[in-house]
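As structure tokens, here come the structures.
Presented sequentially are two complexes of chain A, the first with chain B as partner and the second with chain C.
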Partner chain A sequence: MPVKKILVVCGTAGITSTIAEQEIQAAARAAGIQVQTMRCTPGAVATRAHDVDFIVTTTALGSHYGVPIINGMAFITGIGKEQVIEEILNRLRDND
Partner chain B sequence: MQGFMNVINFIMDAGPAVFMPLIILILGLVFGQKPGKAIRAGVTVGIAFIGLNLVIGLLSDTVMNVVNRMVEIYGFKLTAIDVGWPIAAAIAWGSGVVVPFILIAVLLVNIAMLALGWTKTLDVDIWNYWQPLFLGGVVYMMTGSIWYAVLGACIAMAIIFKVADMCQPYVEEFFGLKGISIPHIESTGWALIGIPLNRLIDRIPVIGKIDWSPKHLEQRLGIIGDPMVLGLVVGAAIALIARADALTVLNTAIATSATMFLLPRMIGVLMEGLMPLSEAAGEFMKRRFGGRDVYIGLDAAAIVGAPSIIATALLLIPTIMVLAIILPGNITLPLAELGGLVFFLPWAVVPSKGNIFRGWLIGTLFMIPILYIASDYAPAMTQLGRQIGFEFPEGASMATCLSIGSQWITWVIYKIQMLIYSLFA
Partner chain C sequence: MTQVLLDERLVLLRPAVRDRDELLAAMAERLRTCGAVREGFFEALMEREKQFPTGLPTEGVGIAIPHADAEFVAAPAVCVAVLADAVPFRRMDNPAECIGAHVVLMLALNNPDAQIRTLQRLAQSIQDSEFWQRMRTASSTGEVIGSLRMLLPSTTKQERGE
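== the complex of A and B ==
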């Protein structure tokens, strides 16, 4: 099974995306799934989106990048985090 | 007591890579973390400062030296180099003994204001405490008074909590973020100016009617939106202007690109170390106030990815370069934050509901004070940076950044505090 790639996007590629990235990695590890994560700024999404399976964003992003986008704001507010983790894990398990 | 202060001073003199791990460890234990986790968090913060210092070394050896050359050749006046918010934030978090006092005082201010019903914003964005920490760090350096530094920092945050409340309906409507507010000084402070400016422009004939809301403009502008590509272009350009040889041009280009790529990575490490503290403080706040009708206060990073904001920021890159050159008295050379203009622009774009022309026009008006304030802050930021051990090169060039320039609220408080101090000192 090929390792899936997630692009984690936030305004700085350093603050909130780091929080989301750590949470995603921890959840995937706990579920026994390997995943590759990268971070970038919103301005760099257009050139990097085609390399990844899906995007998790902690910023308000447009929806026209050609790959699925999951709203990761829950990682920052803590509200509804379990559902978002579930959605990400489902996408990672999904093999089509 | 003297012995105790000697120990404190000895540790502080060792630099932020040494004292910040201790501060984070102690704060972690205060917030009830397990010792193992608190130690790991502390050491991670120390590593981040080592990493940041390495990148600053790279920036100093290349870009700052090229600018020193430009000063020698042309009498180039843009000597305050925009080294980027990561360095300003690192200086703020590393500004010494005031850090824990300000952190706790600002938390208490937020708690008190929530309890009294003076604000609805529950600020869980501990990271952006770097902005009051920077103000406090500068005031402490200038006056030597911890309580005076804490006072200014608390006033700044009290103001931004109120402004965040006021702007929350816009955040909810434009970005669809229910129950979120943005108590982020460098960003939300501009709402106080952007919203009235937008109303004023509505009344101007012709200009008030122009509406560009093109779809996907930010995609058409392509790879220039990527900070690493932007760094390559800008680095090569300044080295060429400095009449450097081909080898230096190539090296400056790749080094500038590397700086713009690596600084957020290093901040990622710093964030990893601050995360347990940030989580603990956030949990603590939510436990006390979570049941009430409050707004969760987040970093403006949560909103800056909107396509109209990205497009406006890209249009402003050439604009701010022109402004930097033509504005009399400006000494700021925009550089590392050219890729991060989005943070200053939500309140140029949101009041007109995403009109990019209006965003560009209001954004241009924002950039003028941003450049002047960044110029004014440059000596203080350079001195504070050197004091905590960052090695900026000797010569004419100084360090500043556009983020500092965009914190006009803390800058006004800083000026008032220094005026009062000069009257009584």
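== the complex of A and C ==
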């Protein structure tokens, strides 16, 4: 099974995407799932979205990239974090 | 590896400011005085706030985390303002909406990978509404920084390269 790729997006400095990326990696590790994550800014999403399975973003993003987009704000505020992690793990397990 | 400065000079406790911009200017000036940021940090931060706002949809205490590109950071630091009255910030994940920030954490960070421990602690602090609720009644900047240091150690072993 190929390792899935997630693009983690935030505003500019990579601060909130780094927090989200770490949480995703930890959750995947705990679930025994391999995943490849990479970070970028909204301006770079258009050129990188085709290469990933889905996007997790902490910033507002359009929805025209052809891959699912998950709101990653929960990784910063903690609100609804378990649900978001569950959604991400389900997408990582999904082989269709 | 880098050490993140967390200093009493970087705490504004119930500052007398008229609005958001005046608050952000005062905070950026503190960071500049401490040598944490370079010329242009404030302007870059304001521009970023316009494009990618930093108000967080937290429960209880409202929090915003304004920041700018790494190029304007000379030495990593965090400036904290605890406000008497909430100041409006647009939402990071939905700029059409505003939140009322009671706490503003101005981040001068330049290497998220090296400062990941600090970032994780920061996220923990953001998720701890009761902590900030207590800080809102703090009587001195020393009290704020003391509590914050426990929650957010300014230097971690990892960041000291140990």
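Quick note on the criterion: the second predicted complex is superposed on the first by the 95 of 96 C-alpha atoms of A that agree within 3 Å, B and C clash if a C-alpha of one lies under 4 Å from a C-alpha of the other, contacts with A are read in each partner's own complex, and residues count from 1 in each chain.
The rule is short, and it goes like this: a residue touches a chain if its C-beta (ideal position, glycine included) is under 8 Å from a C-beta of that chain, and two chains touch if they have at least 3 such contacts.
Quick caveat, the model's predicted, so the values are computed rather than measured.
Undergrad: With both structures lined up on chain A, is it a clash or a fit for chain B and chain C?
TA: clash
Undergrad: I'd like to know which partner A:T77 touches here: chain B for first, chain C for second, both or neither.
TA: both
Undergrad: Touch test for A:V3: chain B only (first), chain C only (second), both, or neither?
TA: After superposition on chain A, A:V3 lies in contact with neither partner.
Undergrad: Using the superposition on chain A described above, determine whether A:A30 touches chain B (first), chain C (second), both, or neither.
TA: Neither partner.
Undergrad: Please work out whether A:H64 is in contact with chain B alone, chain C alone, both, or neither, and reply first, second, both or neither.
TA: In the superposition, A:H64 contacts chain B only.
Undergrad: When the two structures are overlaid on chain A, which partner does A:T16 contact: first (chain B), second (chain C), both, or neither?
TA: both
Undergrad: Between chain B and chain C, which makes contact with more of the residues in chain A?
TA: So, of the two partners, B touches more residues of chain A.
Undergrad: With both complexes superposed on chain A, which partner does A:A44 reach: first (chain B), second (chain C), both or neither?
TA: Only chain B; A:A44 stays clear of chain C.
Undergrad: Chain B has the stretches 62-70, 170-178 or 242-250; which one runs into chain C?
TA: Among 62-70, 170-178 or 242-250, only one stretch of chain B overlaps chain C, namely 170-178.
Undergrad: Can you list the residues of chain A that meet both chain B and chain C?
TA: Comparing the two interfaces on chain A, one with chain B and one with chain C, the shared residues are 10-19, 22, 42, 57-60, 73, 76-79.
Undergrad: If we count contacts the way the header does, which residues on chain B are in touch with chain A in the complex?
TA: 85-86, 124, 127, 175-177, 180, 216, 218-219, 222-223, 225-228, 263-268, 271-272, 275, 282, 286, 296, 298-307, 310, 313-314, 339-340, 342-343
Undergrad: Which bits of chain C are touching chain A when the two form their complex?
TA: Touching chain A: residues 48, 51-52, 54, 56-59, 65, 67-70, 92-95, 107, 109, 112-113, 116, 119-120, 122-123, 126-127 of chain C.
Undergrad: Could you pull out which chain A residues touch chain C in their complex?
TA: Interface residues on chain A, with respect to chain C: 10-19, 22, 42, 57-60, 71, 73, 75-79.
Undergrad: Inside the complex, what are the residues of chain A that reach chain B?
TA: Residues 9-19, 22, 39-48, 57-62, 64, 73, 76-79 of chain A touch chain B in their complex.
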